[in-house]
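You will see subunit A twice below: alongside subunit B first, and alongside subunit C after that.
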Partner chain A sequence: MTPFLLLLPAILTMLFVVALPLIFSFYTSMTSYRLTRPETIEDFIWFRNYIRLFENPDFWRAFLRTIVFLAIALNAELLLGLGIALLINKITWGQRTLRTIMMFPMMFSPILVGFQFKFIFNDNIGILNNALQSLGLTTQAIPWLVDAKLAMFSIIFAEVWMSTSVFAILLLAGLFAMPRDPIEAAKVDGCNSWQVFRHITLPFLMPFVFIAMTIRSLDVARAYDIVAIMTGGGPAGRTELLWTMIARVGYDNARMGQANAMAYLSTILSIAFTYYFYTKLVAARRYMGGAE
Partner chain B sequence: MSTIAERAAIRRRIQAVGLWLATFLLMVIMCLPGLWVVLAAFRPNREILAKPPIWVPQQLTLNNFAKIFGFGSDQVGIPVLAYFTNSMVIAMTSTVIALVIGVGGGYAFARFRFRFKNGLFLGLMLFRAVPGIALSLPIFMLWSRIGLIDAQLGLIIVYVSLNVPFTIWLIDGFFRQIPISLSEAAQVDGCTRWQAFWKIEFPLARSGIAAAGVFAFLTSWNEFALASQLTRTTDSKTLPVGLMDFTAQFTIDWAGMCAMAVIIIVPALILTFLVQKHLISGLTFGGVKG
Partner chain C sequence: MASIMLKDVVKSYGKVRAVHGINLEIGHNEFVVLVGPSGCGKSTTLRMIAGLEDISGGEVLIGDRIVNDLPPRKRNISMVFQNYALYPHMSVRDNLGFGLKIAGQKPKVIAERVAEAADILGLSELLDRTPAELSGGQRQRVAMGRAIVRHPDAFLFDEPLSNLDAKLRGQMRAEIKKLHQTVRTTIVYVTHDQIEAMTLADRIVVMRGGHIEQVGTPMQVFNHPVNTFVAGFIGSPPMNQLPGHIEAGQVVLADQSRVPVPPRLAGKVREGQKVILGIRPDDISPQGHGLGMPEDAAQVATLDLRIALAEPLGMESLIYTTIAGQEVQAKLYGPRIVQPGEVLTFQVALARAHLFDAETTRSLEVL
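Up next, the complex of A and B:
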């Protein structure tokens, strides 16, 4: 009985502050609820909100953009993080200082990261355009946050800057924990450094990759903050992600029923994502023999 | 005359220095955007806006900070002090509550075997995965019914639930790093389980619990998606939401925003550096040793 008593406060908190609202959200997603007309919350329309979403090309564009955004950002973060971790692992002097410096972006609130890059990518006063112009690389101001493609690039850049260090820190911890003997043995047997990396280092690091992915998957939606301050979803909705669309439809257009349907889909997406990497983590753990 | 061995040694040393320099440069590039904002916070607005750009700061000033805190003649109409107080109160309170709940839960996962243990743990994690903006919709509707919109309490409750799952993950890992034999030995010597926990396991896990606390504090301190919808006025607005006040104005006060950014980042910097070692070990150990 004791463990359940100890866990009771946690379970109750999650039930009342997350599970219950989610049930309410599911109900609302099947009504035509508008904030401006409170009585519409009783107007039950089954799955019509969902059907309307699936017929809405704007929704599909935002949905696909979110998937592409996550695919590019997460892969870039993983590869860069791995590169940085391998680099720092090779260094013998000042390793701890480097690791501390590397944690710098982790402390930034996403809204600050967004603001910082809004400042840097600003076409008129931003350091980037100023530098490019001073170096004579371009004569006109490049509209980093105004042009649709460049704005998407800038947002991904900010996202990667913010989260690469999470991967780097966790993978570095994995490299530190790695036993030296198998690597020495493989070298004696004539493996080159690529083979050592491919067949010894990488398999050992996989659980750490999954930890990083699981931790990251818990807060991928933080990208909302970055987009909200950098472009607000603009220009003309061209950097709209699923999350900014929820906020716009729900709060700005007051169409809560529709927004809740979208929120529900995004919640299922996030949970599936976390579940996938968590099961991968458990499997990798079992493979390593770390399970109790 | 240098021998072949000596030359090889020199080449290895040059390689090491090169590697170090490359890494150092990479780190500088990583930190540069942040440092540029910090620098701009101490520069007058006209220097930031200057065309052609002024690269080397001509004058450094604390005026931007004085302005946003409402000192001096040319004030900015943004109540940063109130936002700061709100952020502190909300983040501190929700952290303390989340830690109390998390220590109980973490200890249960680390020291007991019970039915549905893995499922429960996974369930907690999955609840944490709900996107903030998606959760904000039903919370907004419910809170406006019971009068918790634009109240510190409303945000505190939400942040506790955001922090509980991850606090449990971290604290579970820290308790499992402590050999169970210590507590057993104390119990053989006549301690109750409760006494053994307070006298032995809790003190040993203390720095880890502090790290979990810092993590929870930062999550609340930095949160924007929920806070931006659940707060309205100086009664409950937090710093990240307040930062958006600047963009609502017709012209953006870059220097003021940079100063506010510094105010948000400094407490986070200090806290993270204090516990960084425990934070890393907690994140990895809790994950790898299931």
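Up next, the complex of A and C:
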């Protein structure tokens, strides 16, 4: 009985903070709940919200766009972060300062980052177009946030700018923790620098990559702020991701039931990503136990 | 198979000099052991041969190539590290075959050579495990296997046994010796354990503070140490060193007791010279309990000594006593048990005693 009593506060907290909201939102995802008509919360319609979503091409487009967005952003962040970590690991002077500078992007609120890039990429007053035109690289204003492809690019760029340092810092920590002996053994075994990296350093860093991926796939939902500020999912839904769509349907159109159904699907997507990277992490950690 | 030559090799870390211009020639298939106290530059020297440290001055040759500017991978050497340095994410099989794979060998050749090495080292059962699933001794064997599969020109060992327990260390020592006899390759072996040095080496290189103190076969270094440092470092328990001065063909010790100058050194001492008399514990024994005491009475000195402590080791005992106010270790051979406080007549084998100049610490034998 005592163990249960001791755990009770934790269990209660979990119940109220996690379980109840989860159950409640799952319930509302099966009602025709509209914020403007509170009594509709009792109108239970089973899975009709979900079926309607599956039949809605706009939803599928946003869903696919989200996956593409995640895939590009995470991979770009990984590659850039790895490059930065390797460079910083090489230099011996000013390393501390650089590490601190590297964290600056993480210190800003995503909303500020969104505004910052909104003004950089603005086609009339943005400094990017201004710079390109002054340098004579282009004569017309480039519609960075209007053209579907360019807008997607701009958003991904902002996201990568903000979050690359998560990868860089975790991978740098990995490089610092890396034992020197296997690297030297590999050099003696005949490896050139690239082979040392490919066969020794990279496998050693993989657990750190998976940690970073796990963290990032958990918090990519934060990208809502950037997208909402920079394009709001527009123009005409061309940069609509799941999260902006959920917010629009839920709050602007007040169709909470429908929005919750979408949120559930997006949560499952996020869990799938996280679970995948987590299993990879556990597998990688198993052999790293014998690093010494 | 190749010889290794060091010419005036210097290593500096910034202003700090770790190795002060050493010269050493290592022959084909020779087993050379670098030995010395911690921080004397053994590892640094070895790592310069391997190419893992830049050479600050002088030349290193492997075969007839100057390798100063060659990266490790072009030197065709293998190295076994103190912490094994296995690749944690690879199976034992892949660890063994990694060097061959990088060298672009065919899978069939790799499989054959790995099987061969695994066979020599008794690793055949373990090929599919990862290093995390091995014991320390097994990891050590994998590290050695990884070195031999490549058929390198030379093996470099950096204290490969220091992480093992005493029994395993003895076993592995024998295996390394056997390995050298089967694969017949030049070996440079670093250790601070003088027993390893004595048992393994064709030649021992004794180092101190970045200098080479003496190079020679184990017996040369043991029987003819060039100075008090080598005398104290090689041999266990260490050689007793008693300060004194020369007077009328005798060594006068601190308490005015006298020991004759060993006859073979009689011509090498000066009257009044300050010296250190060096006697190994094995050469001081109670009468009738010595081993190989010289027959000739002129080669033996006799002293009455009080026993402070005796450590029985089975068929022999290590005895602590004092000569001229200084603690001295002696050996008693045979099953006799002695008690502290007993006074016995000891014999000193002058034939094997050493004299060192007290100022230069150099042996009078080599002058």
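Going forward, the second predicted complex is superposed on the first by the 276 of 292 C-alpha atoms of A that agree within 3 Å, B and C clash if a C-alpha of one lies under 4 Å from a C-alpha of the other, contacts with A are read in each partner's own complex, and residues count from 1 in each chain.
By definition in this document, contacts are C-beta pairs under 8 Å (C-beta built on N, C-alpha and C of every residue); 3 or more make two chains touch, one makes a residue touch a chain.
Quick caveat, the model's predicted, so the values are computed rather than measured.
Participant: Check subunit A with both subunit B and subunit C modelled on it and let me know: fit or clash.
Facilitator: These partners fit in the superposed model.
Participant: Using the touch definition from the top, say if A:Ala185 reaches subunit B (first), subunit C (second), both or neither.
Facilitator: A:Ala185 sits against subunit C, while subunit B stays out of touch.
Participant: Does subunit C touch more residues of subunit A than subunit B does, or is it the other way round?
Facilitator: B
Participant: For A:Phe117, using the defined touch cut-off, is the partner it touches subunit B, subunit C, both, or neither? Pick first, second, both or neither.
Facilitator: First partner only.
Participant: Contacts for A:Ala62 in the overlay, against subunit B (first) and subunit C (second): which applies, first, second, both or neither?
Facilitator: neither
Participant: Where does A:Ala151 make contact in the superposed view: on subunit B (first), on subunit C (second), on both, or on neither?
Facilitator: Touch status of A:Ala151: no partner.
Participant: With the C-alpha centre of subunit A at the apex, what angle separates the C-alpha centres of subunit B and subunit C, reported to the nearest 10°?
Facilitator: Reported to the nearest 10, the angle reads 80 degrees.
Participant: Looking at A:Ile246 after the superposition, I want to know if it touches subunit B, subunit C, both of them or none. Which is it: first, second, both, neither?
Facilitator: The first partner, subunit B, only.
Participant: Just to be sure I read the superposition right, which of the two partners does A:Phe204 touch: subunit B = first, subunit C = second, or both, or neither?
Facilitator: A:Phe204 contacts subunit C only, not subunit B.
Participant: Applying the document's definition of touch, where does A:Ala73 land relative to subunit B and subunit C: first, second, both, or neither?
Facilitator: neither
Participant: Once both complexes sit on top of each other, what is the least C-alpha distance from subunit B to subunit C, rounded to whole angstrom?
Facilitator: Superposition on chain A places subunit B and subunit C at a least C-alpha distance of 9 Å.
Participant: Which subunit A residues come up in both lists, the one for subunit B and the one for subunit C?
Facilitator: 286, 288, 290-292
Participant: Okay, in this complex, where on subunit C does subunit A touch?
Facilitator: Residues of subunit C touching subunit A: 50-52, 71-73, 77-79, 81, 83-89, 98-99, 102-103, 130-134, 146, 150.
Participant: Which subunit A residues qualify as touching subunit C in the complex?
Facilitator: The contact residues of subunit A facing subunit C are 179, 181-182, 184-192, 195, 199-200, 203-204, 284, 286-292.
Participant: Which of the residues in subunit B end up touching subunit A in this complex?
Facilitator: These residues of subunit B touch subunit A: 16, 19-20, 22-24, 26-27, 30-31, 33-34, 36-37, 40, 48-49, 51-53, 55, 100-102, 104-105, 107-109, 112, 114, 117, 120, 122-135, 137-142, 157-158, 160-161, 164-166, 168, 218, 221-225, 228-229, 240, 243-244, 247, 254, 257-258, 261, 264-265, 268-269, 272-273, 276, 280-281, 283-284, 287-290.
Participant: Can you name the residues of subunit A that touch subunit B in the complex?
Facilitator: Checking each residue of subunit A against subunit B gives 2-4, 6-7, 9-11, 13-14, 16-22, 24-25, 28, 84, 87-88, 90-94, 98, 100-112, 115-117, 119-120, 125, 127, 130, 134, 161, 164-165, 169-170, 173-174, 177, 207-208, 210-211, 214-215, 217-218, 220-222, 224-225, 228-229, 243, 246-247, 250-251, 256, 259-260, 263-264, 266-267, 270-271, 273-275, 278, 281-282, 285-286, 288, 290-292.
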